[in-house]
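Labels run A, B, C, D and E following the written order; every chain starts at residue 1.
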Amino acid sequence: GGSGGGADSGSDTIKIGWIGSLTGDQAVWGKCESQTLQMLIDQKNEEGGILGKQIELIPYDTRGDANEAVNAVKRLVSQDKVVAILGPNASGQALAISAALESAKVADIATVATNPKVTVDDEGNVKPYNYRICFIDPYQGAVCAGYAADKLGYTKAAILYDVASDYSQGFSQFFEETFEAKGGTIVAKEGFKTGDVDFRPQLSKIKAAEPEVILMPYYYKEVALSANQARELGIEATLMGGDGWPSDQLMEMAGDAIEGSYLVNHLDFNDPEVKPLQDAYDEKYGSVLELNGYMVNDAFLLLTAAIEKANTTTDSDAISKALCEVEVKGVTGNIKISPETHNPDGKEAAIVKIENKNYVFQEKYGVN
Amino acid sequence: MSSFLQQVINGLSIGSVYALMAVGYSLVYSIMNFSNFAHGGVIMLGAYIGLYALSLLSLPFVAALVVAAFGAGLIAVVLEKIAYSPLRRRNAPGLYFIISAMGASIFLENFVVATIGPTFRTYPQIFDSKPFMIGDIALGRIDVLMFVISAISLGILMFIIEKTKVGLAIRATSYSAKGSAFMGVNVDWIIFVIFILGGMLAGVAGMLFGMRYTVYPQIGIITNKSFIAAVFGGLGSLPGAVVGSILLGLIETFASVAGYSTYRDLIAFALLILILVVRPTGLMGKATEDKA
Amino acid sequence: MTAVLSLKNVTKKFGGLTAVGDVSFEIEKGEIFGLIGPNGAGKTTIFNLITAVYSLTEGEILFHGNSLIGKQPYQIADCGITRTFQNIRLFKKLSAYENVLIACHKLANYKIIDTVFFRYGKNYQNQERKLHEKTESLLKLMGLWEVRDMTAANLPYGMQRKLEIARALALEPQLLLLDEPAAGMNPEETIHLMELIRQIRDEFDLTVLIIEHHMDLIMGLCDRIFVLNFGKALAQGTPAEIQEDKRVVEAYLGKEDDAHA
Amino acid sequence: MFSWYYISGILILTGINLLTVLGLSLLTGFTGLFSFGHAGFMAIGAYTAATMTMQFHMPLLLALLLGGVVSMLVSLIIGRLTLNLKGDYFCIATLGFGEATRLILDNVQYFGGSRGLPGIPTYENNEYLAIVVFINVLAIVAMVFLIRSRHGRNMVAIREEELASQAIGINVFRYKITSLAISALYAGVAGGLMAHYLGYIQPIMFQLIKSTELTIIVIFGGLGSITGSVIGAIVLTFLPEVLRTFFQWRLVVYGAAVILIMITRPQGLMGGKELNLKAIWRWVKRRRGGAENDSSAIS
Amino acid sequence: MLKVEDLNVYYGGIHALRGVSIDVEQGQIVTIIGSNGAGKSSLLNAISGMIKYNGLIEYENKTLPHHAHKVVKSGICQVPEGRVIFANLTVHENLKMGAYLRNDLKKIQEDFERVYELFPRLKEREKQIAGTLSGGEQQMLAMGRGLMSAPELILLDEPSLGLAPLLINTIFEIILEIKAMGKTILLVEQNAFKALSIADKAYVLEQGQITAQGSASELLKDETIQEAYLGKKNK
């Protein structure tokens, strides 16, 4: 095995690692993420690389498993000698790799790991080498609930969530808290388990509770299935969701069913500024960019800025420190990492409505 | 009341998905006496074959279903030749078959991920996606189709197994391949028949599943549920597989109705254990007193 | 002196079929007691009832005057009754040596904890040695020492039967049940086996209950014989009496048969 | 070419897998019972041990032991209910147990639900490796001692032929439950080790695929062989790492490798044989023309 | 009719048959006697194509195929040692399996009746699951099942095993009856005396080799054979 001449620190390339799911049920996102990153790196290399050095990407599959993520990180930091790592796209793996990152003093920028504890520990101390580019579950949940209550004026909400998914559980929990704080009631909260495909029993119950809005805090395959089944059962409530939704696939799978739904996203897909990225990806891989592609784009921008700022291609610790010192304008907004939380500061969520099978940007919306 | 009826229908239709998968699994189990964990993989491939038959070859529905059935049947047979038949020749115990089947299932799933890719795919719309409405109650069209097809395939299989000579030979072989060989049965042929039948069922199940839901490489995971359903009903008993599946569908549904949707599988498992404690061979499995 | 084993009105029904109906007999200590009868008469069923493989429909089985009802098969073995099986049930994939060694387990009493913490203790080592010695002596006794390392399933049929006997003896039983031990043996081997059984009885102070269809063996070996027919008692007596009994001849032995075989 | 930091991490994982596999080997390889629920026992051990060290600041070894014991107690209940089931019925029941355990953990917010439990104390790599090795050595020795005693042999007898085992006075049910309990103890301790290695646990880590992998290792190594289990755990933990550069083809190769080993060597790598000095000596002798019989699983 | 030449069978390292040659002629009863483990069953299994072998086996001047089901198709049926009945099927279904390769429904029906006539016990137990039959009943079933396939050459491996004395006589009568129908029989028996008394020709197999052969009546008188296989001098 090995990736060829790994340990040579005096080489002309600067090495960046990536970890994420290339297999397993998260592979859709992992694949897009790693491909986008490879594309960005190729572009950057054509432009001359960073600090005059070419960039080399070393991506490893974790199949969504925390143990594998730790192995992959250990291999990246000790053997491949990467200066920083991008990914993974799930909180579980991001949480498990902290210790390995710390002992090697290499930074990791998670893409869509939204669990707050990825970057801060239980006592609220920031973890020195864990960063993220996305907003966190409480934020997303709160935005979603706030928008539903304040802007859309709903008072009765139902939740259908994936018990076995950390993302889904976190999201729904914070939605529930905010929505109730704003005076709304959760009329039904039903769960399912990753891998399920039929939600009609839960939806029938939800229907009986007569909500105005149903939160669907999970990924788009389940969104499509549950939205279709909800409509089949004659449920007419508005559907809402988060950053698990945005995908062209969703339109294809559930176009009519999700018409008129709202979702919280990291950006506006129709923003002319993201067009070049979308086109480049489509041209290179012949498929549409998933959300993870946008996220990894910004993570990569942040990283290159930090490397340039630290002015080193070998000192991973310095690069890590520089991550908080730079500010870049990414496709998901202006990105400035807070030194206290290692989360992007003041990033506002984009509220998107689905109209005529299109993700129509409504407004930037933030809470607190 | 109408919501109760709606839930019964929901339960039945979930059950019929499990049933279609469980029958094929149970068929192989009843002959080979091992849990064919690769059955889910074949179902998944069946779903893809059906999808491509419809979208790339633009075949009409029925033709596509036939293609999916035969395609999956072929895959099942090839799988048998590669992964099981060498074991069979050595009279390896059931355990080894299970492991080989697991290897096959890992292989198939990831082979699809690596080649076709991990993306979800949807079937082109063939039937009106609007359900039949009986008053307030929605009855999905594909659900009805699945139910009917499960019933028909069960009927055909039962007829073959119980009434025909091949069926007799199948049952005999299931107990002792050696004994059947002594009687002039071409054991390889019997196994071929079993796997092609099981595979065809998987193909049909996969295609209908894909139409009802969606197509993705991890469809196989859902078949774990149908294995459990088969155990509910009694391993190796085909009617048992169907009864168990319907039962599981209803249990899952009414666990949600009772307000325990987050503990749904737990309730199903608890009932499974309960049933097995009372009837160690499932609802319709044969209980025989061992003779020394 | 109480009987070693007594069956009182023992009945076993399978659905509508009465495999054993109202059978009573007693076996005295040190006896070799024959159980014969046509195929399907219920002989093996009686063994299965004694060893609790089947549960009794009616009646009672006493061992040294104590009821065996409600006991599990392994508890029957604990009491001192062991058996061989008509359809051989050896530990097929293990060697002959291992088959016997396993069966010797009752001669040791160390606990699971001891195996881990007192492995090199004197007590443990002595007990293990005893098991191996016993195994060796049994295999030698049964003439299996030469084939001790062979996998049981690959042994010739006759040897498998002997191995079953060795395994049953390993528990140092008081009552040994043999179900057709000579099946598949030729007359020469049968006679040899007959002597062996007698020798075992004397050496181990055993009581033996034996089912056989080889009349030479039964008549030459048994002190008393019990004849079953259709699950019911047909006759009981010494070999000489049985051989003369018309009903037995008619139902089981056949007329011209005593000439040979 | 491989760095120690990386290798030692895999070695720790190997040790964790091995510990579970040893227990599972007793259950599957020696007693003939097939489990698809051992990830459940690992989970119970992991959550117990983690809670002990986090909430009650218990020393690591004690917490691990406690994790093992709790998992063992649960196994006694499960065993009581399911051990009378035959073959695949038992197997599916254990599958149900494993999934049910995960589902409960998903729902229990005290343990963080499906979001998992972060902040478990971790240890320096080499130090931890030493602990893992130490525990594994103990576990192997204990297991070998057990296997090579009358108790171990009785379990093998049950695997081979239940009725005959009964007939020679073996309390089949008691041995089965003992075997299950010991394997749950091992799995529980291994789960605790995993928790303190990762510093974070999440129910999804203990899903069916984990149980499956463990069983595959046992069979791969060879039923009824401790050596096989050790070799199997090492090979199959390292294999995905060696294949790491194959990206998404990795598991395709893994699946194919499993099939390949089953059809070419269905008895697994070791298949009832043990590798020890005596066996090696015999092998050497045979090579030199001596005609001695194979070494075997027990005695 | 059947010709075996220089047959060798190995089980791993064990050389179970060492260059065995036998000849069986149409309409004859040929018996093979030998002690435990001599290789008798191995010989029958080789003919049936159940195990691997080296050497030539010809049936009606054609080399026998090496697949069990093809051997049966060419008209040879074995009643195997240890019965190998289908324990999960009923008695009747077991017999039906015997006629698996036959399509002459009427004849099959007749044969059913004949088998039930030969073994009334089987008729009584028609619907019983075969696994619960007594040992002897299973032996009858195995024999009956063999007859149901209406073979030209029937290989019997210890057909009297576990049978009551009265039934043993019946079995041998049946064997003679089969012979009278013009069928050929290759018989392996522990009950060497009986076997030799009905056979035309006999072979003695010892440790995988043929050590004696000849007409059955000759062998019956042979002193060494009497001592080795008949147990005692004929009364």
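In this text, a contact is a pair of C-beta atoms (placed from the backbone, for glycine too) under 8 Å apart; a residue touches a chain by one contact, two chains touch by 3 or more.
If you're wondering where the values come from, they're calculated on a predicted model, not measured in any experiment.
Under the contact definition stated at the top, the chains bordering both subunit D and subunit E are B, C.
Steps from subunit A to subunit E, minimised over paths through touching chains, total 2.
Of all the chains, the one whose CA centre sits at the greatest distance from that of subunit E is A. Comparing mean CA positions across the assembly, the chain most remote from subunit B is C. Centre to centre, using the average C-alpha position, subunit A and subunit D are separated by 35 Å.
For this pair, subunit C with subunit D, the centres built from the Cα atoms lie 40 Å apart. As a whole-number value, the distance joining the C-alpha centres of subunit B and subunit E reads 43 Å.
If you average the Cα atoms of subunit B and of subunit C, the two centres end up 47 Å apart.
Along subunit D, residues 103, 106-107, 163, 248, 250-251 each make contact with two or more other chains. With touch defined as above, residues shared between interfaces to two or more other chains in subunit E number as follows: 132.
The multi-chain contact residues of subunit A, meaning those touching 2 or more other chains, are 22-23, 27, 31, 163, 193. Across the complex, subunit B meets subunit A through its residues 3, 6-7, 10-11, 13-14, 17, 110, 113-114, 117-120, 122, 129-131, 133, 136, 138, 140, 209, 213-214, 216-218, 221-222, 252-257, 259, 261-262, 264-265. Residues of subunit D that touch subunit A in their complex: 1-6, 9-10, 13, 102-103, 106-107, 113-116, 118-119, 122, 124-125, 194, 197-200, 202-205, 240-245, 247-248, 250-251. The touching residues of subunit E, counted against subunit C in their complex, run 11, 14, 33, 35-37, 81, 121, 128, 132-137, 139-140, 158, 161-169, 190-194, 227-232, 234-235. Residue ranges on subunit D touching subunit C, taken from their complex, read 142, 145-146, 148-154, 156-157, 160-161, 163-172, 178, 272, 293-294, 296-299. Residues 14, 17, 36-45, 86-87, 154-159, 180, 183-191, 213, 215-216, 251-254, 256-257, 259-261 of subunit C are the ones touching subunit E in the complex.
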